[in-house]
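Presented below is the structure to which this report refers.
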Amino acid sequence: MTTRRGGFTLDVSFEVAPGEVVAVLGPNGSGKSTLLGTLAGLYTPEDARITLGGRVLTDTAAGVGVPAHQRRVGLLSQQALLFPHLTARDNVAFGPRCAGRSRRESLAAARERLVDVGVGDLADRRPAALSGGQAQRVAIARALAVEPELLLLDEPFAALDVDAAPAVRSVLRRLVRDTGQTTLLVTHDVVDAVVLADRLVVLTEGGVVEQGPTAEVLARPRSAFAARIAGLDLVAGTASDAGLTTPDGTTVFGLASEQVAPGEPAVAVFPPSAVAVHRKPPEGSPRNVLPARLAALEPQGEVVRLRAAAAPGGPPWVDGLAADVTPAALAELGAEPGDDLWFAVKATEVAVHPRRR
Amino acid sequence: MTRARPARGGAVTLALPWPVWVPAIVGFGLIAVPVAGLVVRTDWPDFGALITTDAALDALLLSLQTGLISTALCLLLGTPLALVLARSNLPGLPVLRSIVLLPLVLPPVVGGLTLLFLLGRTGPIGQLANDWFGITIPFSTPAVIIAQTFVAMPFLVVSLEGALRTAGERYEIVAATLGASPLTALRRVTIPVVLPGLISGSVLAFARALGEFGATIAFAGNLQGTTQTLPLLIYIQSQNDLDGAVAMSLVLVVVAVLVIVATRTRDASGVR
Amino acid sequence: GGSSGGEQQAPPTRTLTVSAAASLTDVYNQLKPQFEQANPGTTVRFNFGGSDTLAQQVVQGVPADVLATASTRTMQTAQQAGRIQGEPVTYATNKLQIAVQPGNPKGVVDLTSLVGPQVTESICAPAVPCGAATEAAERAAGVTLDPVSEEQDVRSVLQRVTTRNVDAGLVYLTDVKASNGQVQGVDFPQASAQGAGQNYLIGAVTGSQNADLANGWIQFVTGPQGDAALQQAGFALK
Amino acid sequence: MTRARPARGGAVTLALPWPVWVPAIVGFGLIAVPVAGLVVRTDWPDFGALITTDAALDALLLSLQTGLISTALCLLLGTPLALVLARSNLPGLPVLRSIVLLPLVLPPVVGGLTLLFLLGRTGPIGQLANDWFGITIPFSTPAVIIAQTFVAMPFLVVSLEGALRTAGERYEIVAATLGASPLTALRRVTIPVVLPGLISGSVLAFARALGEFGATIAFAGNLQGTTQTLPLLIYIQSQNDLDGAVAMSLVLVVVAVLVIVATRTRDASGVR
Amino acid sequence: MTTRRGGFTLDVSFEVAPGEVVAVLGPNGSGKSTLLGTLAGLYTPEDARITLGGRVLTDTAAGVGVPAHQRRVGLLSQQALLFPHLTARDNVAFGPRCAGRSRRESLAAARERLVDVGVGDLADRRPAALSGGQAQRVAIARALAVEPELLLLDEPFAALDVDAAPAVRSVLRRLVRDTGQTTLLVTHDVVDAVVLADRLVVLTEGGVVEQGPTAEVLARPRSAFAARIAGLDLVAGTASDAGLTTPDGTTVFGLASEQVAPGEPAVAVFPPSAVAVHRKPPEGSPRNVLPARLAALEPQGEVVRLRAAAAPGGPPWVDGLAADVTPAALAELGAEPGDDLWFAVKATEVAVHPRRR
């Protein structure tokens, strides 16, 4: 698809599988909102073919352009834009009503969604009587209540306070998991991507510079932008009481960042900067002490990234983990590729997030 | 030091710049003083008798009925027209827009004559109505309503169009992404959002319909109980009984103020 | 206004303002050049309108020099306000006729033919001068007409007939004449009854800056040249 | 399947709901067909001669001049008035608002008479003007402008007030926090934001002034070159010569359309 | 001051010294925007006395209420609300123009501010042609260009991308430092508070639950909300090449989070979760290994917080530092209050931020 807005051109091409959640990342002005607007039918692309579950939404070659309201594509835009004349509840009930549900059903659904995002007590307020974060939550509830075939969310967690953001993220994750809601999510926070997205698309200046499964892109970012936001260590497995159990049975100690039941698919995430590197297994509080063979040294600005391979006899998933240390620390350590080292990570530094599939 | 005046909800009402007040008062005076003159000139001792003649009561009733029906028609036909002018991208929109304004420019009597040429007994449409249904349109109450609608509709259309443009279509876009069909968006979003403009427009249209004289007398004629609205009675009366005419003008004025204050009070308590 | 811009060179330029009933438009416009020729340096300007409005304007002191109305009552209004110099002159009259479609398809012969739904008619409203005349004729004939509309002035009645929206209308003889054959006039006896006629009055306005010219115009209109023009338009002289 | 229509900037214009089109077309027809009838009835062979008489040219010029001056006056006095009605919290605002609407309701002739009572030489204000400055207001071009302003101002006020209410005051609040005095905020923020409403209002006022008849003939008189505007000439003409009157109505219509299209084209290229 | 909005009542009282920057934190709907709006003169308080540099702005008792435009109080509200009919440059130049500066001067100032926030190339665009983040940056530039006596910023960094947020924060810090701009800053991000604010005010449900110098509140939060967002370890000193030098001459190794010149006042910040606790000084990559005497154990949800006192002979600033460990790690460590331990923190976990005064 190619969309022009004034001097700006967006030119991207990608697919989203049904039930998949794709996070769109990119700097300000890279075309994320333009992409969502084009999918929602708000901008006419110059040259595009957009299909959704077999339906052609836009095909400039064939002259097809389904109007926005018939696309079954929901959009939460960057501005809340609540209808000023309706209460919070009526705002949220608007979508279900349009989908033909009864007044009672719609109001019930609206109330449920409002409770989900933590503003159930504000149902009767007009938007003018809501704070910025409250309005944003109502807008999220309104977008979720539509249950469209494709849900587009443009920075849904901006303006939310430190408690609300993870809570609302959980709500979204539950929805996505329970109903298989296909979703495209624009965010500036990589944690949103980790928790919610199967795949990432990174946009810069109107073009896709990177895309792929979340873990892959974050672990091995190839674009400068992705590298800056990502470069996380991820270990996949299932949630356990202590943290996470990997497929080979090892336990990664960590703290659940949000509700995740033992046995559920999960991912343990920690920043490479949290990984201490030792010649001998250290005693002390760090719970995760992993044998690793140094595979490569990657200078990254002020720090040096140590890339691990699995050590003989050690857990295989250590392969690819990174540890960031200062050059001074590296000098003292005197480590070279091929050396066997110990990576130590405190359990309090490891966040266990639920994972899709 | 200027004081911020408190308003409901604790929000401050911004002060109006002082240079606004002088012309506002002059403008208000230009309208209010002549009207006050009307009050002064009224022959109060005979006022009751003057305004309760059969003809006056008939005319008042007819004026209210036709005025309200015409306003309803203006809303019914004019709202869609304003939407087309504000939101569609038909070619030649500026020309369509100025055609809609023509009843404003045409001297009302000429407007009435054009209606008569068209719908009169020998007019192209009037003849059909006469031959097929045996209906003669002029000299009937429906003719009054047609004439009033003809002259009043542009008011609704133009002021609603202005409000629609000022409001923009961002909320309609949101409604579309929530799956609202254009009709639903119109009903549940556009109309409520431009309600102040719609009310202004209706008030203008109602006031214009209530005061309509030239087109009515030219097209519908002047017969007590059927087509003689208050302005017609006032005009005819003013030919030999100015006191009666002034008294009835005052009635017209009071009726208009009542209806408008009633409408507006409802508005003020509604949505901004 | 720039009405006097062109005559600035001829020093004794004077403008005579005549407020006259709209039904006099043709006659007065015809007389204007003759009067101006006879009084060099004089420009006549007309203020045509309904007699009642004209009278009100004079009462309110507008700068008119002559008032020419189409009814005695409106002239009296001005007179009672002390705005007419001396006694106004009644110089012409007009009489009612029944205007019908050319060829008189409905066979109208007098006022009684108009009663009933088979012939639709339009008359002047009782409050306006021609309506008062119509009422007087009705009284004299002992009939009550059932008009579809009571018009604001006689030209409107005529228009109803010419546009064939009614079968007949009560208008003045001059109107039938001015219609150039679009309508046909039917005389009826009660047209000459008491009050059924129409009087044209003219008077000079009190306080006029051009009292001499105003009297000149009045004499001119009531003189031979005026008579000729009036008669040609169908007025009867008084 | 409906197609989304492309517009400038790549933004989609939302489709209008289809039930809008039927009444819009009926409404448009109600206005356009009678006017088209006017065109059909015009005596085209003599058209040129009819509209180029001295009187016609004088009237056309006078109409344009007074119409534009009146519109300017309406803007000057009516904009502040609309601001007061929309933004102040004076007590009794609904009543003030409906008083402003009265010239709409008053039959224009009655309006003209009230002006005459007030500003005529024997009227309370006219007497002062006469005694102190030797000015007689009626029968002068300024009287035409006063009459037109009196009848046209409510149009500007009401449609601008609707636009002001629809726009809300959020941008004015922002301007205040940036240190803008109320006057600066008005000039640099409020007016640009409600420009569409202001233009609609001016167009309405201009059209109404251009078509004004009753108040003018009653108050200003009907003097060729001084107070005889096109509608007055049309009236006099219609006394004897309906064809001439129709032809001149057509001129009025064309002039109005030209002026309005010219204004609106500028608007369309401006800000939304 | 007490302000009522519908059913909500804000009731607070505090002072801001000239040139001081105060951060206002609090959950959604706690009254932060209401506070700012009352100071800016947009809401009429029920009962308040507000003075600014000797001028009385509001005094309900005396019936004084200076109108918004005469307060010399600038407000960046939560919504960008750029004037839609003006270009970005004219939007920014609006404030200086109102302050009576010449057209040329104002446009030059506008251009400078736009360049500061990184959108110098968008100066000629209308707001409709800007992305969400770009519009937010223009709004920030507009608020800064006014140079009011008191600057109120409501969540200025929301909607900014990962690169822009620190960059714009630096701009703001420079302005605040260079011109002594008195500022009240609403934010949900504690880093903004650390970098910019001298003092914190924490609001909850319309009341102040906590206020004080930034470092103090963050180190020893007493309210539940502050504890959730804060609980950071802070060490004050001056910036050095290696990180930070404390007053007693010790070096805290760390990475500068934003531009800070050696010798400048700075603060080293790290989360207690990043502190590993050992019985013996560990060898390996962690650069900061500090002797500490365990002062207290504070259970905090899933983790236990170990509070340190200075160890005899060790650096005195260790006093008060916290380390979070899991209960399992604590059990293994078997530490009790009074024990001498070693706190280890990797240099890559320590962010060195410039500090005010």
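Each chain carries a letter (A, B, C, D and E) given by its place in the written order, and its residues are counted from 1.
Rule of thumb we're sticking to: a contact is a pair of C-beta atoms (placed from the backbone, for glycine too) under 8 Å apart; a residue touches a chain by one contact, two chains touch by 3 or more.
All of these numbers come straight from a predicted model, not from anything done at the bench.
Here the chain-to-chain distance from subunit C to subunit E, counted in touching steps, is 2. Summarising the inter-chain layout, the chain whose CA centre lies farthest from the centre of subunit E is C. If you average the Cα atoms of subunit B and of subunit E, the two centres end up 57 Å apart.
Touching of two or more other chains is recorded for residues 7, 14-15, 109, 113, 117, 123, 173, 176, 181-182, 185, 193, 235, 238, 242, 272 of subunit D. For subunit A, residues that reach two or more other chains under the stated contact definition are 5-6, 41-42, 67-68, 70.
Residue positions 56, 159 of subunit C are each in touch with at least two other chains. The touching residues of subunit B, counted against subunit C in their complex, run 113, 116-117, 120-122, 136, 138-139, 217-218, 220-224, 227-228, 232, 235-242.
Of all residues in subunit B, those touching subunit A in their complex are 170-171, 173-182, 184-185, 188-189, 192-193, 195, 271-272. Subunit C meets subunit B in the complex at residues 50, 52, 56, 73, 122, 125, 127-129, 147-152, 156, 159-160, 163-165.
Listed in rising order, the residues of subunit C touching subunit D in the complex are 1-3, 17, 19, 22-23, 25-26, 45-49, 53, 56-57, 59-64, 155, 159, 162, 178.
Residues 5, 7, 13-24, 26-28, 30-35, 37-38, 41, 76-81, 83-84, 87-89, 94-111, 113-115, 117-118, 123-125, 146, 149-150, 153-155, 157-163, 165-169, 172-173, 176, 181-183, 185-186, 193-194, 196-201, 203-204, 207-208, 210-211, 213-214, 231, 234-235, 238, 242, 245-246, 249, 252-253, 256-257, 260-261, 264-265, 268, 272 of subunit D touch subunit B in their complex.
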